[in-house]
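Structures given as structure tokens follow.
Both complexes below contain chain A, partnered by chain B and then by chain C.
For the complex of A and B:
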């Protein structure tokens, strides 16, 4: 018995010595392929988009490889453009705030509802939610465009049938109704992730805590905000970060709507503006500068969240 | 599921409460499923676009036949399948290796690398599409599916690493120690212990990469602009809409064809996908 123990102890210490050295090299060997891909395809392009933004970079420059540096002229032009302040920035930031708040609030509400259901209805409802989630952004957008189509869409038909509307209305020309449809589309597409994630967290909250609180006379709202929310702090942090990242990057949902690809200037957001300037007007330098501004905006906002999550993790 | 029985026993079960809950569930189902239903309904109706009917007024499969033959969606589906599978294979292997490194080893720069993996996910595609367009053009890979796979691997990789590292971290270190005690090498331990236990996470990550590649639009539009025969489904639908913008029955049939594979996928693996997202995102 004792002999056996010393033997295992020996075998345990021997590989450990060589493993110590391997442990410093091995993680880098494992990381190397992924880091190479990220460096070449994400980090280097990020440096390049910044370099492009300092140039008058058009079709000629792309084909000949010539460089014409113009310093911060692109940025000056963007910042001096009244369109940026009255249209593009409000569309981008306002929409992102509304859609993050809307998606997280609605998704959380759905999660609470699901948690209170029996197994059968919970399965039915969450399968339906999966169906909404699975709808690709491109097809989802076309379906919403079809529903709200001016001449033959079902939305106008129903409103006129109910006598709420006299003539078919084109909901895509007005900036507010345009973005209301985008918001509907984005919430419909985005709430399932929030609901499913928060539901998983909710089911993990110790029941004893909730029961104890209920016995102490805490109402449903009180129980939600005093017990569930603090328990799910990390889940909410993740859900909010990811929703922010996804909602700021909304592109297809705007670009594919009627007028969304640049012909209706009042619905431009930073992403679409950058794309149509680059690939529509061949002003790649100018478009790059817009893209850099969008990136900085996103980084600034999300850096705050990321620090919160990492701080939590290191504890 | 059995864990929440005590809670339900204490919950008040007044009929009014049950009714309210039923109404909420019904509203939720309508909101969630109506667009899906409307897409199917229009795709099956020969009268789609002429009258708004809540069920197919004149049921037909003609829209599907048209879309798959003249619409070119047979080719687009094949292209998307190739691109998505290529992306899944390459990005899963790279993400698995990297996630083992960040989940199992403490080394200098570990936190910085994790931070970078998080931050690159924030970069908007609009910022990457200009330089990557130039880069892929210089490599003469414009209008090729390989060029697209290369880009999609990069897009799917950060999230894959982030997600898989939670699954790797969840494997008890004691199991690895036991493998070493039995004299296994690190490589042997990786194949026989770690890999089988991380398999569910790998499935979740693969599905996520597959869907990323299947749905991606902006790069497909930019890089495949000139070559219809290399279109993926997303850009195929965009160009189809440009040509047949009034044929809503056909547009919805094409949309259904694109959506259904993804939807079946999602429903089949829903529990795994949800646990995958939270595991990768929440666990340290």
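For the complex of A and C:
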């Protein structure tokens, strides 16, 4: 009904257009308001960030209003930085891979558990995991820092109580133990989203198919990997892409840890490094260049992944 | 990350747009179109004075009586302040007068946001009565941009109860300090004899200076960091050695900030530590049992005397956007000299920036005031007054050095060399 109305109205407003032309123009006309809003809110800031990245843009430029264009110098400086290749990128990429795998695997496990529970226990359990999700990243980080604190932390206390440790250890000074704690923190904070999303998909898997498979003698693992996983391909795609983007950009969970704000150079990741190198130094152009590079990197990852998923589906 | 990263950009963009619109409106300034006598917009940092509201109510009344103008005070959090200054500088929406941390003043002056105070100070005839360390920190390019307001200083604070039980005396040389630490460790093996924090740059410099070293010096236009000179290394060797060789600190302290030192000291777990003159109140607030159980001494020099310690505090700065600069200075003078300056110092526990007021404080015999006052006057120093020093702080150059030494990743020689190289290059603005 409504569609008919719009159609007639459109036909009236565009009397001279042929039917075929109208068919190509119409969707764009309908999309126009949304596109206009997106352009103002997203596209324009992106363009500005890109323009800043081509300038030496600092406090002095802000106050005087003078622009100093330096072309691709910011990009050249970033890519020539040895710290980026030896510390920052390995930390960022390695951490992102581990935490995406960890979050998705653990979240899926919890979703399967939730799906097998009765209504009452499912409500109780999902409320509990929602609490982990609802906790702000800052609060969560401080809780983990407190747990692993060298002098008053629960973790050291337990280890020493069990006789596994003679003297307190500072877990924040070593690169590996530092990131192990960040990993725990990020997985703990990220898995509820995965669990809830996958659970929604799981509940949509037709019961008949599972029953039929069981009759054919498929075990629980076989049923999971041969029936459920293919059905949930789109859900996993969304969950993995979003987790990748989030885990690449981890900032607060590292910055707020003891030594994570830059005084322990071996644990710098892309987020903290760019913050310290650009905004800490009032070099907004440099920071913008890093943001542009990060956006391109994430776009590339997403594109490759989406293509892989689509290709698989066509097969 | 995006949050932290994009916000300043978005803010800067927004501020630029704002700048464009206000410029288009004909430069009415931020005060709007109030009448001739107008309003003075002031930013003050939050948390320095517990009764700031009452204090500024009195100041407003007095200010209105004297000038007929209204005072509009806005309180700003220390944590947000730097970002807010930068964005307001970008948008031309700075207040008329603001409290600026001593290390920020040269930075904002370099950006062209601050108005020079020399003429006004000369006119008022108060130039000779200002505390030297604060004038030094507020001077950029041989002009005064920050009016000394208040400051604190760090000294050696110790737990008197632990000292008595261990039978040790407050130290006056480095040797005595080490002996005291050893005595404390024997009596209290599970406590921290002396806290050597890894992420607290201002607790490090006294040992560099005390051994005769320099943090950084200016020659012509070029800064050179002296953190890796033999003298500096000797000082660093002593201070970090207390932790790495003596075992008088704790592994946890490798990543401690000054707030962590305060927490541990207030819990009664620390024998001695470098702490600020503003901390005694906070220690008692955190743990009422500590009342009367701690005292302070100036930080000892290597072979006696007093090791210099950074005067940390605030200036009052006038922004270029202030329409009525004489009115702005009237307020600055009112706040930083005489009755109100003294009241502020009494209420906040900081030292005033005017020498004649300080003399009264010096006569105090309070064990938690007198030693700090001595340190303030006889052993006060400033970090390098370079507009780029804030960048060094943002890079945590000194903390990086301390942490790598304390965690055993690097020797004093290696770490101080790397730190000096980084500091020199950042100070000179060439990365």
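What we mean here is this: the second predicted complex is superposed on the first by the 262 of 315 C-alpha atoms of A that agree within 3 Å, B and C clash if a C-alpha of one lies under 4 Å from a C-alpha of the other, contacts with A are read in each partner's own complex, and residues count from 1 in each chain.
Rule of thumb we're sticking to: a residue touches a chain if its C-beta (ideal position, glycine included) is under 8 Å from a C-beta of that chain, and two chains touch if they have at least 3 such contacts.
Owing to the predicted nature of the structure, the values given are computational and were not obtained by experimental measurement.
Participant: Looking at the overlay, does A:105 come into contact with chain B only (first), chain C only (second), both, or neither?
Facilitator: It touches nothing on chain B or chain C.
Participant: Once chain A of both complexes is superposed, is A:60 in touch with chain B (first), chain C (second), both, or neither?
Facilitator: Only chain C; A:60 stays clear of chain B.
Participant: Once chain A of both complexes is superposed, is A:76 in touch with chain B (first), chain C (second), both, or neither?
Facilitator: Neither partner.
Participant: Just checking: does A:49 make contact with chain B only, chain C only, both, or neither of them? Give me first, second, both or neither.
Facilitator: Both partners, chain B and chain C.
Participant: Determine, under the contact definition given at the top, whether A:212 touches first (chain B), second (chain C), both, or neither.
Facilitator: neither
Participant: Look at the residues of chain A and decide whether chain B or chain C touches more of them.
Facilitator: Higher number of touched chain A residues: B.
Participant: First (chain B), second (chain C), both or neither: which does A:117 touch?
Facilitator: First partner only.
Participant: Using the touch definition from the top, say if A:271 reaches chain B (first), chain C (second), both or neither.
Facilitator: In the superposition, A:271 contacts both chain B and chain C.
Participant: Contacts for A:262 in the overlay, against chain B (first) and chain C (second): which applies, first, second, both or neither?
Facilitator: second
Participant: Pick one for A:173: touches chain B only (first), chain C only (second), both, or neither.
Facilitator: In the superposed model, A:173 contacts chain C only, not chain B.
Participant: List the residues of chain A that touch chain B in one complex and chain C in the other.
Facilitator: In chain A, positions 45, 48-49, 52, 62, 149, 249, 251-252, 255, 270-271, 274-275, 278-279, 284, 287-288, 291 sit in both the chain B and chain C interfaces.
Participant: For the complex, give me every residue of chain A touching chain B.
Facilitator: By the definition above, chain A touches chain B via 8, 11-12, 15, 19, 22-24, 26-28, 30-31, 33-35, 37-38, 41-46, 48-49, 52, 62, 110, 113, 115-119, 121, 124-140, 142-144, 146-147, 149, 152-154, 157-158, 188, 193, 196-197, 199-201, 203, 207, 210-211, 214, 234-235, 238, 242, 245, 248-249, 251-252, 255-256, 270-271, 274-275, 278-279, 284, 287-288, 291-292, 294-295, 298-299, 302-303, 306, 310, 313-314.
Participant: Under the touch definition given earlier, write down the residues of chain C that touch chain A in their complex.
Facilitator: Touching chain A from chain C are residues 1-6, 8-10, 12-13, 15-16, 19, 86, 89-90, 107, 110-113, 198-199, 250-252, 254-256, 264, 269, 390-391, 394-396, 399-400, 402-403, 407, 409, 426, 431.
Participant: Given the complex with chain C, which residues does chain A contribute to the contact?
Facilitator: Per the touch definition, chain A meets chain C at residues 45, 48-49, 52, 59-60, 62-65, 149-151, 167-170, 172-174, 249-252, 255, 258-259, 261-266, 270-272, 274-276, 278-282, 284, 287-288, 290-291.
Participant: Sort out for me which residues of chain B touch chain A in the complex.
Facilitator: 1, 3-4, 6-8, 10-11, 21, 24-25, 28-29, 31-33, 35-36, 38-39, 42, 49-50, 52, 93-95, 97-98, 100-102, 104-105, 107, 110-111, 113-135, 137, 150-151, 153-154, 157-158, 161, 180-181, 183, 186, 211, 214-215, 217-218, 222, 234, 237-238, 241, 248, 251-252, 255-256, 258-259, 262-263, 265-267, 270, 274-275, 277-278, 281-282, 284
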